[in-house]
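Next come two complexes built around chain A: one with chain B, the other with chain C.
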Partner chain A sequence: MRRYLKLHSIFIKQDLKKLMEYKVDFLLGAVGFLMEQAVQIFCLGIIFSTIPALCYTVNGTVVDSWSFHEVLFIYGFSLIPKGIDHLFFDNLWGMGYWIVDKGDFDKYLTRPINSWFYVLCEKFCVDALGEFIVGIALLIYSTLSMPAEVVADINWWRVIPVALVLPFCIMIFTSIKTATAAISFWTKRSGHITHMCYMTNDFAKYPVKIYNTVVKTAITYILPFALTAYYPAIFLLRGESVWSLPVTVLISVVLFGLSQFIWHKGLRAYESAGS
Partner chain B sequence: MKRRLRIYKPFTRAGILEMVAFRVNFIFFLLGEIMKCFVMFFVWKAVYDSSDSTTLYGFSYDNMVVYLFVTFLSGYLTYSDGSYVIGKEILDGSIAMRMIKPVNFDMCFLFQELGGKIFQLLIVFLPITVGLEAYRWIVSGCFMLNVPMFLLYCLSLILAYGINFFFSVTYGFLAFYLKNLWGTDIIKGVIINFFSGATVPLAFMGGFGHILSFLPFASLSYTPVMIYMGMYDMGQIAFYLSLQLVWLVFFYVLSKLVLQSAMKRLVVHGG
Partner chain C sequence: MKNNEIMIQVRDLKKEFKKAVKEPGLKGSFKALFKPKYDVVKAVDGISFDVPKGEIIGFIGPNGAGKSTVIKMLTGILTPTSGTCTIGGKIPTQNRKSYVKEIGVVFGQRTQLWWDLALRETYMVLKEIYEIPEEDYKKRMEFLNEVLELDSFITSPVRTLSLGQRMRADIAAALLHNPKVLFLDEPTIGLDVVVKDNIRKAIQKINAESGTTVILTTHDLEDIELLCKRIVMIDKGKKVFDGELSELRHRYGQMRELAFELKDAEDISLLEYDKNFNLSADDLSVEVNSAAVKVRFNSDIASVEDMLSYTLSKVHVKDINVKDADIEEIIRRLYIGGGDIYETSVTDI
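For the complex of A and B:
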């Protein structure tokens, strides 16, 4: 374990050197990402300017509602586990798009370390810091703009459990990426499957109650992105859905096991791309 | 003219074959992209439920659903990958192989991409339009598709693709100067998405949105979508179609100029 941690830090150092070399790449990537988020938030602002609060209604009666700042809070929270996963484990995308397809995966098999770990830590994606920072900034901004009595409710009894669950939220992202990247062992390319699964993450940025049962079930239990965004965020804000915290731990562990199983099965099926 | 078309026929064929070969990837990618529409489908539903009035800036909820999907469809069909492909060829030097052939450089890309578009028309355009019209038919109780409007929409779509293509080619030559693809491509996507009203209709942005509707980005998807939905009267349609034509000519000329100046700077190492 300690050896692996040490290796990881060496890889990160290497990537930072690379970054220094290609400053423009990094800058453009960061600017692009920031613009993307700014536009999203601006559009959210426009949508909310037409209504006082986002309501969930059943037969015309309002059951639950979220203010603009609460939605921003959920949105911001969703970026944090996603950003951390992106920062450390971005290389799994490459698996599905070109590593297996071009036969580059052979490299990972010839080293005396776990191939999965090697793929994970080979790339340190600094661009992801943007995601993380925007997430934190949104959390701070939205908290400051909320009424004082809402903010007063956010105490350590809410913050600590969420902080403890956070690694499991990250694990959900990594597991989904691992499982879908492993499909490429059979099909050579699977990046588009990863992409498809990842896009459902967009659902989790908004209050889950506004969706119908099918979507709700899918994003809570099957591709459980809601567990990484809406549920912990709403627990922080209102103390609602306490059940989701243990469920997150349980589901992420199951998903992780499943993704490892698929990966190892795939490793056995892998045959290099002939050239 | 006929001879010229014959030259480019193999490129179109190659484009179709490429699409067919990667059809599974393509379908997964598409399913991922359309997810955004479904997210917004639910968000807008909640927004309309929360609002006191049934229309926002002239859009009813059903209008909004049609808007979402037609915008996605139009954006998808008029999307051009030119900037990425050209940028990649410039960076790895394979562009040299294209330049020594007696064919027009950008026309190769155009016809190759058009081949892909033929495939997309069948697999994306048909199912989504049929599905959408079925939705409108169920919701309103009558058949909503207006055939002349639909033809005008198709015309506008073709113009939009032309603008997008030449804009994309121009943008692709930025790679000469920036030597970066990933970041610049994200920026391009964001600009097009926002300024063309793909996330929120330009009508929601008031005066600012009105200004945006004159920019080339609105010509890329907002204009065709508005025509499809019947939001423009005949005068407006004529105006915005001619505006599209103006932008098409503008970017065509611009891409030629940029191409000429870039060719002088092109350095390819090795081969």
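For the complex of A and C:
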């Protein structure tokens, strides 16, 4: 484990050196990302400029509602585990798009380290820092804009459990990417499957109560992105959904085990490419 | 040779690929999507051989013979359908990580170096990956530097290296952890004559000084001639020859090449070697390039003397010479010759 941490830090250092070589590329990447986020937040702003709050109603009575700043808070929170996963483990995307298809995966198998780990840590995606920073900025901005009594409720008894669960939230992202990337061992390409799964992440940036049972179940238990965004965020804000924290740990561990299983099955099916 | 320690042991190695059979056209593609049909392709069909420690072995065969598949199984990349391969007693499918520590791999068409980094950085990363102690690393670097002359470009980014430099750098990268076995897949592909020569010399030196066992696949038969005593040839997934190069030459070495230039290119019609000497297509090939003619023939059936006098009696030539069969010619005959000549040449270990 120690050796792997050391290796990971070496790879990060190497990637930072690479970054120095391709400054323009990095800058363009960062600007592009910031614009993408700005557009999404702008859209949220437009929606909320015409409605006072997002409401969940049953038979016409309002059961629950979320203000613009609460939605912004959930949105900002969702970017944090996603950004960390993106920062450290981005290379898995390459698996589904070209690494397996072109036979480049050979390289990872001729080295005496775990192939999954090697793929995972080979690329350090600095662009993702933008995601992380935007997330933090949104959290701070939305918190400052909320009524004082709401903010007063956010105490250490809420912050510490969420901080402890955060690594498991990251693991959900990494596991889903791993599992879908590993499909490429059989199908040669699976990038679009990964992308498809990732798109459901957009649902999880909003209060899940507004969705019907199918979507709600799917993003809570199957592709459990809601566990990485809405649930921990709403727990921080209102102390709601305490149950989701242990469930996050449990589901992420199961998902991780499953993704590793698929990966190792896939290794045996890997066919390389003609040279 | 037999007293030596066995480094690599391959036993009845097989690899089958499932290939989807598609009917042509869009309709066929749709059909295949819902009702896929599979063909089983036997890429490698029961190959066995041993390699003693310290040997350089040439692994050859025509394109699509299954060479790469065998190498990929031996390097732990592909999982065999059945059969085993062991290196120093280690089995790749049981413990890939400890197995690959024993081997170094160079794929000529694909670099293993970190593209965007200075070459030196690649070696630093490899040092960590293979857990090479500082002192060994320094010694090893010194040795590789001397043999492969890396000094002049070790600080350049890999993407700026020439192909020859890159190949040398790749070989050094594969040898940094002092592996017991080095796999070289087309190490001289695309290189000029001088660089080729340097690389061959380096391989020889590494083999002699570190006792590294080398498995070399190549289409450049000069590589084979200069480096390998023994060759293993495979075709259609089966081993078709395994033995010393000299044996191959001895057995199929009756081929000679008669090359001459006609004074009058029209005269070619006067030469009827096949009828005159009763040579079959296997034993004779005639290559005509306007006035230049190359005749390859089996000297057991038609002696060099007869061929020469027949040629000179029929046509006027500007220039004429006779060459020994080179290994290329022999192997070409083996590649296109099909099963017949193979059968007698299979030597079991």
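Following the convention adopted for this analysis, the second predicted complex is superposed on the first by the 275 of 275 C-alpha atoms of A that agree within 3 Å, B and C clash if a C-alpha of one lies under 4 Å from a C-alpha of the other, contacts with A are read in each partner's own complex, and residues count from 1 in each chain.
In the analysis below, a contact is a pair of C-beta atoms (placed from the backbone, for glycine too) under 8 Å apart; a residue touches a chain by one contact, two chains touch by 3 or more.
Keep in mind that this is a model prediction, so the values were computed, not measured.
Room for both chain B and chain C is found when the two structures are superposed via chain A, with no clash between them.
In the superposition on chain A, A:7 contacts chain C only, with no contact to chain B. In the superposition on chain A, A:54 makes contact with chain B only, not with chain C.
Of the two partner chains placed by superposition, only chain C is touched by A:17; chain B is not.
Looking at the shared chain after the overlay, A:98 reaches neither chain B nor chain C. Look at A:186: by the touch rule set out above, it reaches neither chain B nor chain C. Of note, the Cα-centre angle with chain A at its vertex and chain B and chain C at its ends comes out at 80 degrees, rounded to the nearest 10.
Shared-chain residue A:195: touches chain B; no touch with chain C. In the superposition on chain A, contact of A:206 is made with chain B only, not with chain C.
When both complexes are overlaid on chain A, the residue A:132 reaches neither chain B nor chain C. With both complexes superposed, B is the one of chain B and chain C in contact with more chain A residues.
Figure legend note: chain B and chain C, brought together by superposition on chain A, show a least Cα distance of 7 Å. Interface residues of chain C, counted against chain A in their complex, comprise 17, 68, 72, 75-79, 96-98, 100-101, 103, 105, 107, 109-110, 112, 114, 116-117, 121, 124-125, 128-131, 157, 185. Only residues 24-26, 28-29, 31-33, 35-36, 38-39, 42-47, 49-51, 56-57, 178-180, 182-187, 189-191, 193-194, 199-200, 204-205 of chain B touch chain A when the two sit together in their complex. By the touch criterion given at the top, residues 24-25, 27-33, 35-36, 39-40, 42-43, 46-47, 50-57, 62, 65, 189, 191-193, 195-200, 202-203, 205-207, 210-212, 215 of chain A touch chain B in their complex. Across the interface of their complex, chain C is touched by residues 3, 6-7, 10-11, 14, 17-18, 21-22, 103-104, 106-107, 109-114, 267-268, 270-272, 274-275 of chain A.
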